[in-house]
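Listed below are the structures to be examined.
Shared chain: subunit A. Partners: subunit B in the first complex, subunit C in the second.
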Partner chain A sequence: MPAPAAAYERIVYRNPSEHHYMKVRLEFQDHGIGLNAAQFKQLLISALKDLFGEVDAALPLDILTYEEKTLSAILRICSSGLVKLWSSLTLLGSYKGKKCAFRVIQVSPFLLALSGNSRELVLN
Partner chain B sequence: MDSGPYYLVKDLPLHELIAHEFISTFVKKGACYALTYNTNIDEDNTVALLPNGKLILSLDKDTYEETGLQGRPSQYSGRKTMKFIVSIDLMDLSSKLDSKKYKRVSWAFKEKKPLKFDFLLAWHQTGAEGSTMMSYFSNYRIQERQPKIALSTVTDLPCPVLRSGELRGEPEAACSAQELFEWLGAVFSNAELNNEPDNFISTYCCPQPSTVVAKAYLCTITGFILPEKIHLLLEQLCRYFDEPKLAPWVTLSVQGFADSPVSWRENEHGFRKGGEHLYNFVVFSNRDYWLQLAVGANDDCPP
Partner chain C sequence: MVRFKHRYLLCEVVSDDPRCRLSLEDRVLGGLVRDTIARVHGTFGAAACSIGFAVRYLNVYTGIVLLRCRKEFYRLVWSALPFITYLENRGHHYPCFLNTLHVGGTIRTCQKFLIQYNRRQLLILLQNCTDEGEREAIQKSVTRSCLLEESSAGEELSDSGGEEAAEAME
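Then we have the complex of A and B:
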């Protein structure tokens, strides 16, 4: 029996991602300050609340990965909330009285793109 | 599998890449690739050499005006043009060495505005053994590098159920290609895949329907990798299903350099927020495959 003809289908999506992903790192001016995942999430929520209020503090935000040692995380936010989250992170200046800043390392609508960063390729 | 060496040359003057000897030794005898190392496409001057012999320069306004070469404004400039793209066809140039064009380009790179960059170079040679990159650039600081390979195994991994004929998925039966794409990212980022919907930290979980796979192998290769090597890798992955296997599918994802001036073919590539351009093959046990191509906002639709 002859093999069935090969089928071909092409679908093009424009702006399909419901979520955007951010790789961020929290840096403190003084060292030795640790946060666990729940405290980190609480910090993000309070940053959103300070700038945008209660409603946007309830934006669906997930911390997909969190590394306590380096205070770095991969966040997932609904695409409509990306600008709000990013601006809240930019304007966050302190945690419990200690000066700190968020560094945004990578942003993408595709989580797979965050698994590699060509800007971090270091060849000495 | 040998993923091939690539080379890092420091402070290489740009005129070396338009030298007749370079073109006849490397560009014409195989596929030669070059990309400036540690230059940001949205801020700095960036240069790339494509295997078809085109030298692409992405220059800021001042450098462009100083070189005096003919180019066009970047597609992603906005109201004020800050970046210009110059494309030089090396195959065409080398065929007429005393042409006005070659003399002008040579003068631009040697005298008018000598540019120097750190370059990543790779060469897939077709034909007899000839000169090597190491010996050709021995006057400069050149290092040979091997791509870094990282292997890991994951146990009890929840995997989405897929059906090769259903790209959009089917409710209760198979996941969509987009859900797979997100799941792949979660696996390679080591995200937790089993969160409850009321979890405070994260609510992400593996798309349903899913099965738990006892053992999964993950391999990451980092470096300036030739497309020819990726092709070989893909062929080997397809041969995985020559014998019956429990696994229903395997995937191969490839990410382009965020600071490359081109994405697919000679389409201009911009950084915007992330500079992502990547593709992902899903090869099924019945030899069907999916190919997913993703680009950022400052990119043309992939071919």
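Then we have the complex of A and C:
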């Protein structure tokens, strides 16, 4: 007897993830300047607002972790806004008159990928 | 063919105050739209939309405005129009809003739409009209525009028929 036809369902994911995660670090030209988490988020939103206006300043942007000592953070943004966020971080030049720059260390659509970095791998 | 393609946005300025339309000027309106785009879409939007931007036609009596922008960025301009809430001219501040009637690729298509729209507005004005003298003036304009519709030439005169009706209402 022939086996009954198995019913199967095919699901195709075109876009693997609807969010992108960025690991960034803020560098100042002078040392000794600290920001708390709220001021950091305000800086990001003002960078977006400067370049892309009020509409894109309202993009759903989240700071998942923030370290005040090293001024590094992991950000989450929806995938359609990644290019806008990255370009506005690139063009941000100063905070309250002091020169600064954002260094983007890692970008990935998956949060797990940010936990390890093959550049910092030490092989014994 | 290689040419710069544009989009023409046909808008109507709607306001409670009848003096608002009379104080419209193309430079004032152009500056207001540019400022609104800069506020809503930032430096990028302001730069992208201001290259091919121009106020092509402005009718003070009916409040019709024709804006031109490049085809690649017409959506930025279109989405910034609802954020215009007031008109400021020579110290007078009027609250108003821009209602977009039509988006066309050429001035000619916008003109064709405007003629049909004015004809429909004349009929609506005729229905809502209260004064006998105004009613006669509007009926005259309507019959004239119908005659012009039958004849192929002279379509642009019905625009002035709409102006006269609007003047008679004010």
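The rule is simple: the second predicted complex is superposed on the first by the 109 of 124 C-alpha atoms of A that agree within 3 Å, B and C clash if a C-alpha of one lies under 4 Å from a C-alpha of the other, contacts with A are read in each partner's own complex, and residues count from 1 in each chain.
Please note the rule applied: contacts are C-beta pairs under 8 Å (C-beta built on N, C-alpha and C of every residue); 3 or more make two chains touch, one makes a residue touch a chain.
Bear in mind the structure is a predicted one, so any value in this text is a computation, not a measurement.
Aligning the shared subunit A places subunit B and subunit C next to each other free of steric conflict. In the superposition on chain A, A:12 makes contact with subunit B only, while subunit C stays out of contact range.
By the document's definition of touching, of the two partners only subunit C reaches A:51; subunit B does not. Legend: residue contacts after superposition of the two complexes on their common chain; A:66 is shown touching subunit B, with no touch to subunit C. When subunit B and subunit C are set side by side, the one touching more residues of subunit A is B.
By the touch criterion stated above, A:30 is placed in contact with neither subunit B nor subunit C. In the superposed model, A:118 lies in contact with subunit B only, and not with subunit C.
Think of it this way: put the two complexes on top of each other by chain A, and the tightest Cα contact between subunit B and subunit C is 22 Å. Residues 38-45, 79 of subunit C touch subunit A in their complex.
Listed in rising order, the residues of subunit B touching subunit A in the complex are 8, 37, 40, 143, 145, 165, 167-168, 178, 181-182, 184-186, 188-192, 200-204, 220, 222-223, 253, 255-259, 273-276, 278, 280, 294, 296, 301. Against subunit B, in their complex, subunit A makes its touches with residues 7, 9, 11-13, 16, 19, 21, 37-38, 41, 60, 62-66, 74, 76, 106-119, 121, 123. Residues of subunit A touching subunit C in their complex: 49-56.
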